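Take a look at the structures below.
Each of the next two complexes has chain A plus one more chain, namely chain B in the first and chain C in the second.
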Partner chain A sequence: MSTRGLAYTGGVGFALWRRSLLELARVRGGLLPTTVAPLIFLLGSLGQFGRLDQLVGFPTTSYIAWLVPLSCLQAAGFAGGATGANLARDIEAGWFDRLLSSPAPRPLLILGPVMAAVTRCLVPVTVIFIAGLLLGPGLTGGAFGLFMLYLAAISFSIVASLWGITLALRAKSQQVGPLIQNGVFIAVFLSTAYTPLPFLKGWLAVAAPYNPVTYVLQMGRQATVSGIEPSWAHTWPGLLALAGMMLFFGLLALRQLRRVDR
Partner chain B sequence: MFSDHTAAKDAGATIIVEALERVYSSGLRAVDGVNLAVAAGEIYGFLGPNGAGKSTTVRILTTLLRPSGGRARVAGYDVVEQASQVRRSIGVALQEAALDPLMTGRELLELQGALHGLRRAESKLRADELLERVDLAPAADRLLNTYSGGMRRRLDLAMALVHRPDVLFLDEPTTGLDPVSRASLWSELRRLNEEGTTIFLTTQYLEEAEQLADRVGIIDHGKIVAEGTPQDLGRLVGEPGLYVKLIDQSQCDLARQLLAVHGAVSDREAGGLTIRTALGARAIAPIVRTLDEAQIEVDAVEVEEPTLDDVFLAVTGHRAEDVAGGEQS
Partner chain C sequence: MSALALERDPATQARVIVALAKRALRVQLRRAQFLLPSFLLPLLLLAVVASGTSAAQNLPGFPATGSYVGFVVSGTIMQGTLLAGLMAGIAIAGDIEGGFFDRLLSAPIHRASIVLGRVLGTALIGVVQAILFLAVALLMGADFQGGVVGVVLTVMLAALSASAAAGLGATIALRTGSLSLMQNLFPFVFVLLFTAPAFFPRALLNPVLEAISGVNPLSYVVEGMRAALFDSPALGSVWGGFTAGIASVALTCALAVWAMRSRVRS
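== the complex of A and B ==
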């Protein structure tokens, strides 16, 4: 790509990202749902399953240490999914037609919501992480673990955003919003969300090892779970899972974008 | 490729459409074999009721929708094969100004500038220039949710002009506007056209097409049913009418008999008659003389030029407003 082409791409990307920042700044309480819901899940699950950490073989003595990365991932997923719902709103309102009728390369029009997802997820993830730390678990994984948690969360927000964008482009209606968020919820739920793999039973024990989110959670749990020490072995499956999901949903979103004028 | 016939016939045309079709998955044939050519520098009015196929045609010409059949070229580029070049050459203001209510007018113009490849400094300058042009400078830094309908339309137009397009597509630009805002937008469109911009304008308002368009195409059920200058189309209706209002309604029967020598006479309302005559306004004197000689007092005489509404009725068999909306147009 030429220097001018790069400047143009950067300019469009920045302009669309700036729009999402302006929305964040101007919609009071816009981040509340994606922050409050995972916090409630965190506190509720702690009350429901808090004694699981006393089971022999549980990889940490603090159940909240097990839950904090899950809540961070949920928050990131909801924030990413919300950008898909926002795209559906833009399509319904005709704003997306304005973007489509501009000469901006079509993939850049997806990049805008994806960058918005990354920005949007940082606030709830940080709030939940700090709240979690205040409730007890230490940062057992140190700086590396923290980095992995944020990398997992940010990347998962991108995956959720691409999933949301695909559905929004397909349905072209805000009615798709709940489906986007349900998809994120189910993907997280069918993993090692509340207990490690050896503690799962029945159909979930069969499904969870095939769910890539299981390995993303493992990657993020290096931050707070003492039994999952920071290591390459606990990192690469998560990276692979994220790359695979990004590729899969990215291609789906691009395919749907190519069909948007049909 | 376009046929030689079309290429020869429309050499120099900025918009060329040949046998354009669009069939939705529901089976609705929204555009059904549309042919048209718009010359550079022309204002082309595309007139029709809701659901006639106007917006679908515009969406195809602006590359937002693929045609099911036929071809279209805009600014020299094929709308399917060279969509990106088409987008660089056109400005688009679609139905119901789609503007982000959480941004200011200036921010939106700068975003539009970025989408069209303007550098930041260039974008800011152009935004200032356009805000002045459409009289929105005082409101430039206000959020869009504080703008009136007319202000939104003017900003929408300004956004379509950011990159100085050769061709401007406007889909029902004044729908829902009050008369003052409508007149202001018309004046701006005339100014743009005088500067050389080709304008393709869809409208439901017959008056708008008459006021602005050099040529008008009338679309109904996806087909162009008439095309020409407003004057040409007026001739499709037949002879112009003279409306005569009598002071004494009881003299209507006598007046009708006497005036039959001047043209076809029809009743219009109590005490009023319409006389169709090729002489138009030149028939006023003889008609008044005839009535005066019979001591029939005249309250008013008006020349009735055929309107596009009459044309629409003549070519489609129904009035424009008779067609209900609801279908995707």
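== the complex of A and C ==
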């Protein structure tokens, strides 16, 4: 691609990203649901299941340290999924048809909302992380652990965004919104959400090791869980899981976009 | 019969309540956007909590109920009924925005019948939910020592809980008339759920939450369900559950009727 082509492509991507962010500034409280829901889950789960950290062999003595990365990932997933719901609204309103009739490179129509998802997720993730830190767990993983938590959350928001975009392009209706968010919810909770793998029982003990989110959570938990110390062994499975999910849902979204375009 | 006479005729109003309840039931059971949160989501959380936190049975002080899934299913029923109540509020807000509510107001129907119809429909959804969730818990290995009587009492408590939640949902919907606001209330359902001993015994909750749960009427309802299911007064009081449930229904329905009158006046 020529320099001019690259500049054009960058310009279109930037404009689509900026449009998504402007919308946040215009809709007051637009980030509230994606921040409040995980925060309530964090506090509620802490209140209900907080004594689980007393179990022999639990990898931390602070249950909130176990929950904070989960809530960060949940918030990132909800923020990512919301971009899919917004795309569905754009499709219903006819705005997306105008984009399709433009000469903009097709992958950019997906890249714009994905970039917006990354930006959007930073607010709830940071709010939840700070709230969690104030409630007790130290940053046992240091700067490396913190970096891994943010990398896990940002990457997961991309995955959720691609999932949301795929469903929005398929359904072309805002009614798909709950399905997008429920998908994120299911993916996050069918993992080591509440307890580590050795404590799981029944079908979840069988399913959780096959859920890539289990490894993304492990990667993020290097920040706060003392029993999951920062190491390459706790990092690469998460990176691999994220790369696999991004590739899978990215291809699905592109395929769906091609169908809509035809 | 004049419109005023129709409004005051108990037989006519009973028919109106049943008709509106049937409509509420049809709408909630046919649309995926209503079914998904009130049936699928609680079942999912039951499966996750039952498998993911069952090690909690090894904690000192955890009541010996035989099956963990049997212990937590009361929380699932509570969650389902709360979400059904929210869905009722969303449906009312949808009726207000869509204009159906104005048509109801112009009909010779007592204002309270409109609220009671929705509440009755949601109570029936609560009954369906409770039966389904208990059946799933049995399939997952739950063992209810309370037998059929315990199950019937639990279903009745679920109906009360759903009615109270519907009354609350209706109050907010009638006060605000905003569909988008109602949809954004979804996370707040979990505040009510998590401030009750939904999945853990009260004594093992976080101390702050334990104190808050004392003033949440749902605590007594969920403990009443457990006491009925396991035929164990140590887990709660069945009659305490009924008292809290009936009081909550009376309060929230009165609030909803008041909200309805305010809406009509304005």
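Quick note on the criterion: the second predicted complex is superposed on the first by the 260 of 262 C-alpha atoms of A that agree within 3 Å, B and C clash if a C-alpha of one lies under 4 Å from a C-alpha of the other, contacts with A are read in each partner's own complex, and residues count from 1 in each chain.
Please note the rule applied: a contact is a pair of C-beta atoms (placed from the backbone, for glycine too) under 8 Å apart; a residue touches a chain by one contact, two chains touch by 3 or more.
Keep in mind that what you see is a predicted model, and the values were worked out from it rather than measured.
Student: With the two structures laid over each other on chain A, which partner does A:Lys201 touch: chain B (first), chain C (second), both, or neither?
Tutor: After superposing on A, A:Lys201 lies in contact with chain C but is clear of chain B.
Student: Is A:Ile40 contacted by the first partner chain B, the second partner chain C, both or neither?
Tutor: second
Student: When the two structures are overlaid on chain A, which partner does A:Arg51 contact: first (chain B), second (chain C), both, or neither?
Tutor: second
Student: Output check: A:Trp236 vs chain B and chain C. Expected answer is one of first, second, both, neither. What do you get?
Tutor: After superposing on A, A:Trp236 lies clear of both chain B and chain C.
Student: Output check: A:Ile186 vs chain B and chain C. Expected answer is one of first, second, both, neither. What do you get?
Tutor: Only chain C is touched by A:Ile186; chain B is not.
Student: Quick one: name whichever of chain B and chain C touches more residues of chain A.
Tutor: C
Student: Is A:Pro178 touching anything from chain B or chain C once the two structures are fitted on A? First, second, both or neither.
Tutor: A:Pro178: touches chain C, not chain B.
Student: Quick one: in the complex, what on chain B touches chain A?
Tutor: Against chain A, the touching part of chain B is residues 62-66, 84, 87-88, 90, 92, 94-96, 98-100, 102-103, 107, 110-112, 114-117, 119-120, 143, 159.
Student: Could you please specify the touching residues of chain C with respect to chain A in the complex?
Tutor: Those in contact with chain A are residues 32-33, 36-37, 40-41, 44-45, 47-56, 58-59, 140, 184, 186-188, 190-191, 193-195, 198-200, 204-206, 208-209.
Student: Touching chain C in the complex: which residues of chain A?
Tutor: 32-33, 36-37, 40-41, 43-52, 54-55, 175, 178-179, 182, 185-186, 189-190, 192-195, 199-205
Student: Provide the residue numbers of chain A that touch chain B in the complex, in ascending order.
Tutor: 7-8, 11-12, 14-16, 18-19, 22-23, 26-27, 93-95, 97-104, 261-262
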